[in-house]
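Lettered A, B, C, D, E and F in written order, each chain numbered from 1.
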Amino acid sequence: MKRVALWAVLLCLIGAGICWAEEAANQTGAVAAIQPDGQAKSLIDTGDTAWMLISIALVMLMTPGLAFFYGGMVRRKNVLGVLMQCFIVLGVITAQWILFGYSLSFAPGKGFWGGFDWLGLCGVGAAPFKEYAATIPHEAFMIFQAMFAVITPALIIGAFAERMKFSAFLIFTVLWATFVYDPVCHWIWGVGGWLKDMGVLDFAGGAVVHINAGMAALVTALVIGKRTGYANKPVSPHNLPFTVLGTALLWFGWFGFNAGSALGANGLAVHTLVVTHTSAAIAGITWAALEWIFNEKPTIFGTITGSIAGLATITPASGFVTVFAAAVIGFLASVVCYVSVAIVKPKLGYDDSLDAFGVHGVGGILGMLATGLFASKAVNPAGADGLFYGNPKQFLIQLVGVGVTVVYSFVVSYIIYKIIDVFMKVRVPERDETIGLDLTQHHENAYTILE
Amino acid sequence: MKRVALWAVLLCLIGAGICWAEEAANQTGAVAAIQPDGQAKSLIDTGDTAWMLISIALVMLMTPGLAFFYGGMVRRKNVLGVLMQCFIVLGVITAQWILFGYSLSFAPGKGFWGGFDWLGLCGVGAAPFKEYAATIPHEAFMIFQAMFAVITPALIIGAFAERMKFSAFLIFTVLWATFVYDPVCHWIWGVGGWLKDMGVLDFAGGAVVHINAGMAALVTALVIGKRTGYANKPVSPHNLPFTVLGTALLWFGWFGFNAGSALGANGLAVHTLVVTHTSAAIAGITWAALEWIFNEKPTIFGTITGSIAGLATITPASGFVTVFAAAVIGFLASVVCYVSVAIVKPKLGYDDSLDAFGVHGVGGILGMLATGLFASKAVNPAGADGLFYGNPKQFLIQLVGVGVTVVYSFVVSYIIYKIIDVFMKVRVPERDETIGLDLTQHHENAYTILE
Amino acid sequence: MKRVALWAVLLCLIGAGICWAEEAANQTGAVAAIQPDGQAKSLIDTGDTAWMLISIALVMLMTPGLAFFYGGMVRRKNVLGVLMQCFIVLGVITAQWILFGYSLSFAPGKGFWGGFDWLGLCGVGAAPFKEYAATIPHEAFMIFQAMFAVITPALIIGAFAERMKFSAFLIFTVLWATFVYDPVCHWIWGVGGWLKDMGVLDFAGGAVVHINAGMAALVTALVIGKRTGYANKPVSPHNLPFTVLGTALLWFGWFGFNAGSALGANGLAVHTLVVTHTSAAIAGITWAALEWIFNEKPTIFGTITGSIAGLATITPASGFVTVFAAAVIGFLASVVCYVSVAIVKPKLGYDDSLDAFGVHGVGGILGMLATGLFASKAVNPAGADGLFYGNPKQFLIQLVGVGVTVVYSFVVSYIIYKIIDVFMKVRVPERDETIGLDLTQHHENAYTILE
Amino acid sequence: MKLIIAIIKPDRLEAVKQELYKEDINLMTVNEVLGHGRQMGITEVYRGAKEMGNLLRKIRLEIAVNENYVEPTISAIIKGAQTGEVGDGKIFVLDLAECVRIRTEERGGVAIG
Amino acid sequence: MKLIIAIIKPDRLEAVKQELYKEDINLMTVNEVLGHGRQMGITEVYRGAKEMGNLLRKIRLEIAVNENYVEPTISAIIKGAQTGEVGDGKIFVLDLAECVRIRTEERGGVAIG
Amino acid sequence: MKLIIAIIKPDRLEAVKQELYKEDINLMTVNEVLGHGRQMGITEVYRGAKEMGNLLRKIRLEIAVNENYVEPTISAIIKGAQTGEVGDGKIFVLDLAECVRIRTEERGGVAIG
């Protein structure tokens, strides 16, 4: 594994170099790509671009946010393991995206993946690509989507936290991004994607991001097995304030995630933001209320779990539904995820350590279906009416979208896991697990005890 | 209390539902509300909207920022209690705002509250509402103001930290938002508000936010009584870096709070930002200097307290004064708040645990009066000249604004507290206080000790 | 030292007052300065201004981000010392900038400093100053640059962390900002600056910020001497998650730092953001790979160090190079900084506590030179072609820029240090160092142990 | 010489210190421990998973004294720490064979104070 | 009466507690310590600076018992903590001269339980 | 057998460990404590509220040794920890009735090392 990493980096650079060398040869591409004047400029709206620039930054911040959200929940001896996995995803998937991930996902094409025209970002410059976003540079859309491609595999980390080998994790992530994320993303969002053409609505990633990651989480949790000693005793979060901090950053970033998906600073972006915030707020208080009823006391851990569930669930619906629908969706998000996390999981007995499936997978499915119920052309004429607005067909379409994503992600994630497991055990040896991932996988300690 | 919470949530949803059902019936409203084209679009400026979108996110982030600012100051056993109170406010007041708070505060009207036309956000859509902001969607103004409505009651938490029952807190917050925040907000900012019509200047919430919250803080601190053992020994902050982190997020968010109140990306917004930053900076170093003189050494805790005082104090003045005035105001903010926190409070002996009154209340009063001195039409033609620019009347008007807010908030906060205290003791039993709110109110621990 | 601080603040206010008094006298200046209509308005682009507003906020957040980045690395007993130094810089340099720093740096002029026309911000208002940015208020450019002036001296803190007297630090910072930062900034960025006129390219501060701070770091580390006990044992970071948090905030803020330096929401800003993110990502994984090869395991501390190196290195190049070049630069950044931090430093044996020189100084030099290699007019017509695009002269120009900055900062920082050392020992007494800066310099503890 | 170890409730530390000062006992070593005693713990709940937290925060005092101080120390601790409720804690007394002051290398009873 | 001090691996705490409960030993005081023993530490690396971390996290138990409980306590601890690998830890037994229950002021063997 | 408890200044730990190694004493248990001694605390100030912090960070070492190692251990600790200033700390020596190595169930002097 050791040197492979470096070689990979070098190879990437060379690969990319070829593309840019070509580019440099005929020059024009690059010029049109970035120069902010002439025809390109006239198409670009500075207000829309300003909102995209900050949305990109907001969504980038979500991955560190997730790192703290998850990092606070694990034991002290594993917190760096979680932070490391999140940050390495930020690095590796950014590279993957630039080299080929963006092309596989978004280059127009009707196949399994998108086309190969945009490998190494060839042709992706300052001129808008109208089919995706007419008033911002194509590069802005590309890098905005890069942040989605980063956070999705990072979400899965919650399922196998505290017991996966770092090298295996790295390989899993790259393969998963390429063979699960990129195709599903293309099908639902890419020009020529078959689910998109069928009419599946997924505003900001209910299926592409949350179901996709959630199913992979379920698979890996099942296959890797429970943490040692899990049966006897629940694991208390080692630093709940960190988890709260992560939630704050995620909520903050989610405004860019959802409202940024409007790809401009318009009424739809504002409405999406309102809807997103409403769902998060209602879901938070709903979870607190459920705990108050069933566990005597509301907890901050529950409240923020509810908010995250509300955010995940509203994601696919956020650009299509009214504020009222958002409140209902937020309410349902907490009820359903509460049942899945606090009742179903212990019954079934798998160890989805930080509830990556229970919150994101379940929330994503719920949100995609809710979109089929509550979507309204009155909110977004570019969308469709849902069942409650007289169009039952949309609900069926959403069901198909959900079904395809669930099955595809489950099966392919399983295959990837198993293949890696043949070459190297994916799970760390028990001794390493006992000592903790920080020391055994990274030779570091998060906190000093003396001094 | 237990089930009440859930029922409340459900009721809200139903209430809201009725409104949206109506809306759906005649359709048009919703369409005009969100659709980003036709006449509505032509009015919306994408640059202004982009700045509002991010300002909304920035102000949202202030409540978690405040949670860490306060959370770091309390003892380890109470940190989750503080975080929980802040997050539940984010949830509950968002719901309140959408259902009726926004209408009570901002629907045009000359009464105690604004009108009831905007209950459940009926009629609040993408079309700008010119009286508030002509170039951004009405929904943007609504949700921007929601964040103000959230953070204001959250500020009060500092006064009764470490000893209030969670259920009592929840009821207090909702009543306070409805009977104190909403009317005062209407009087000063709402179309038809009598203090607004009188000419009271409050750019971003010196009276509406800081005096309002500060007086409620003073009342609750007085009525709930000192923390057990307070007399013997000051309570050292359990995690000052968290308090510093909170300050950073607050300062960052305050740019949205103040400069966002310009409601557009214009010269005034930029100037407001400059003024805000200047006041925070000068106030920070002033407090440090005061400590250096009177306590031998400057502290980080003092420096950030000063900055927060500077931010709170400049808030009402930020859109009306020059940079020079901002420096003076920042300087005065630290001097006055230092006296109030380090000298007056110990003398009077009430236990405003985290100085919610001493910093926000006192800072707000100072800022409102300073606005009456330093405001200048040269800075903002939509404002007024203050005493130093030859218009003593404005100072008197500001005095009225301050007086009304101080008295009203003090009295009504007292009444609300006392009514709740009749039905349920507001203060936790001493045993719970000793063990800590985290365990007794929420059944959680912030940090693990072993593992 | 004690009362000096307060007097300084007062003096500043008076000084500033004079300027504003004049301003007030002839009124017009102030009006034109802020009023958002008439001719001024027509020039201002709301989209560009929105992006600048948020970029300002982002860059402000970098200083607290740096505080946590550094604060997590030191021992528990010194964390507040680091946070305090960062926050006091935020306060003091903001004051310095407003009073005279901005004028010294940016007022047009051909001398050692810029002119004195903008002392106290006289004449700096809402109207754009075309030579710097034609579509945003001049005040926006001023305050954006203020954040750069703040973070640069804050970077140096890493070199002498855990052992500098606070009062000496304060004096050093103000003198350094005035005699090192302001002139170098003027030479490279100011209208009339000789290095600018010579054609030195530094998009967002490779020389002005990183080399400048890095050389000062090297000098101070050499002169102040090693930490007591440094030889025997490396100092483990007391709270690595804080360092990770700081990295997240820095990365987030760097989008404003680099892409904000495009001074508008245009294709160049987007491209700069993409380039910045790419370099950070590649550098992060490169450092991890190097550790994997040479130290058996990749660490999170290494990964984030790499990312910061990548960000610092790409800074001067970010608006001039292709994405491919950014990947190469990111790769080189980690390789070179890794060598400097993990191999050269221990060999030479100086104690640059947190590698302010090893990462920022070295990265800055590398980045400036790389700009001379990879810059391309195809990317930014306002730039120049580098060596690889057929213009070897640009590389020589960059060499001159680097050389001048390296020598000037090294020498003048040394002189400033030595002068202060004559009047007061710059280093704390050994007893204070042993007990820790938090208690001895600030009379505070970061964390409670009991309770 | 005896080494007295006392386990007390965290919020009684201040009171115990005051009582000890009154008896002129100023030297002690303190740390935080978790105690498992007759006192009922408080249930903790994390995402629905309940845990009967049976380890409660306590403070552990270690005080080395000469024989004649043993009883005053014990009664001072009791005075400061007793609330009458379960969980008040215990005092353990051990024989101390030797005591050395590092600074002066003094030994025995004289080194203790 | 004896005061038993045991240094064990952190992940064995739960098992040790269970074994102690079986022997009806419910009272104990626990804290985290760092142990330096025969067990090899794990190298830590910070920006290339390697450090042989020779202090490992351990749990320290303090249990005061009457004589007849000494052997059951020792064997319960061994049963719960033994893995057979280096680093399993040690048990130290000290004579306990006196024991006081703060709540009731009871002394001696009766105060211990 | 003896159980040696030493309270030292945090920054002396490294030196004490080196001195102990020289005497071939490698086994020990360490934790952080707060000490209240003759050494003056440093005033802490929080928003103007002053507090005379009289508890200072110290390191507590616990070392079980056979009789013949007692004096070497004591003098090694002194050598490493002594600075001559107030606050250098104390060494306490207790009789150790029994010692058990959990891994092997060995007892007595042989289990100590």
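Following the convention adopted for this analysis, contacts are C-beta pairs under 8 Å (C-beta built on N, C-alpha and C of every residue); 3 or more make two chains touch, one makes a residue touch a chain.
It should be emphasised that the depicted structure is a prediction, and the values quoted were computed from it without experimental measurement.
If each step moves to a chain the current one touches, what is the fewest number of steps from chain A to chain D?
1
Report which of A-F and B-D is connected by more C-beta pairs in contact.
Looking at A-F and B-D side by side, B-D shows more C-beta contacts.
Same or different: do the copies chain D and chain E touch each other through matching residue numbers, with over half of them shared?
Under half of the interface numbering overlaps between copies: different.
Test of understanding: which option in B-F, A-E or B-E shares over half of the contact pairs of A-D, residue numbers taken as the match?
B-F
Using mean CA coordinates as chain centres, what's the chain D-chain F distance in Å?
18
At what distance in angstrom does the C-alpha mean of chain D lie from that of chain C?
51
Could you please state the distance in Å, as a whole number, between where the Cα atoms of chain B are centred and where those of chain C are centred?
Each chain's C-alpha centroid was found; their separation is 33 Å.
What are the residues of chain B that contact at least two other chains?
Residues 45-48, 50-51, 54, 77, 233, 236-237, 239, 245, 265, 295, 297, 299, 301, 443-445, 449-451 of chain B each touch two or more of the other chains.
Among the residues of chain F, pick out those that touch two or more other chains and give their numbers.
In chain F, the residues touching two or more other chains are 30-32, 34, 44-46, 55, 94-95.
What's the contact topology between the chains, one of line, ring, star, complete, other?
The chain contacts form a complete graph, every chain touching every other.
Taking the touch rule as given, give the residues of chain C at its contact with chain F in the complex, in rising order.
Spelled out, the residues of chain C in touch with chain F are 77, 228-229, 232-233, 434-435, 439-440, 443-445, 449-450.
Can you list the residues on chain C that touch chain E in the complex?
233-237, 291, 294-297, 299, 301-302, 305, 338, 341-343, 346, 355
Could you pull out which chain D residues touch chain E in their complex?
Touch residues, chain D against chain E: 2, 5-8, 31-38, 55, 58, 60, 74, 77-78, 81-95.
Flag every residue of chain A that touches chain F in the complex, lowest number first.
Going by the criterion above, the answer is residues 449-451.
In their complex, what parts of chain F are in touch with chain C?
9, 11, 14, 32, 34, 42-46, 53, 55, 57
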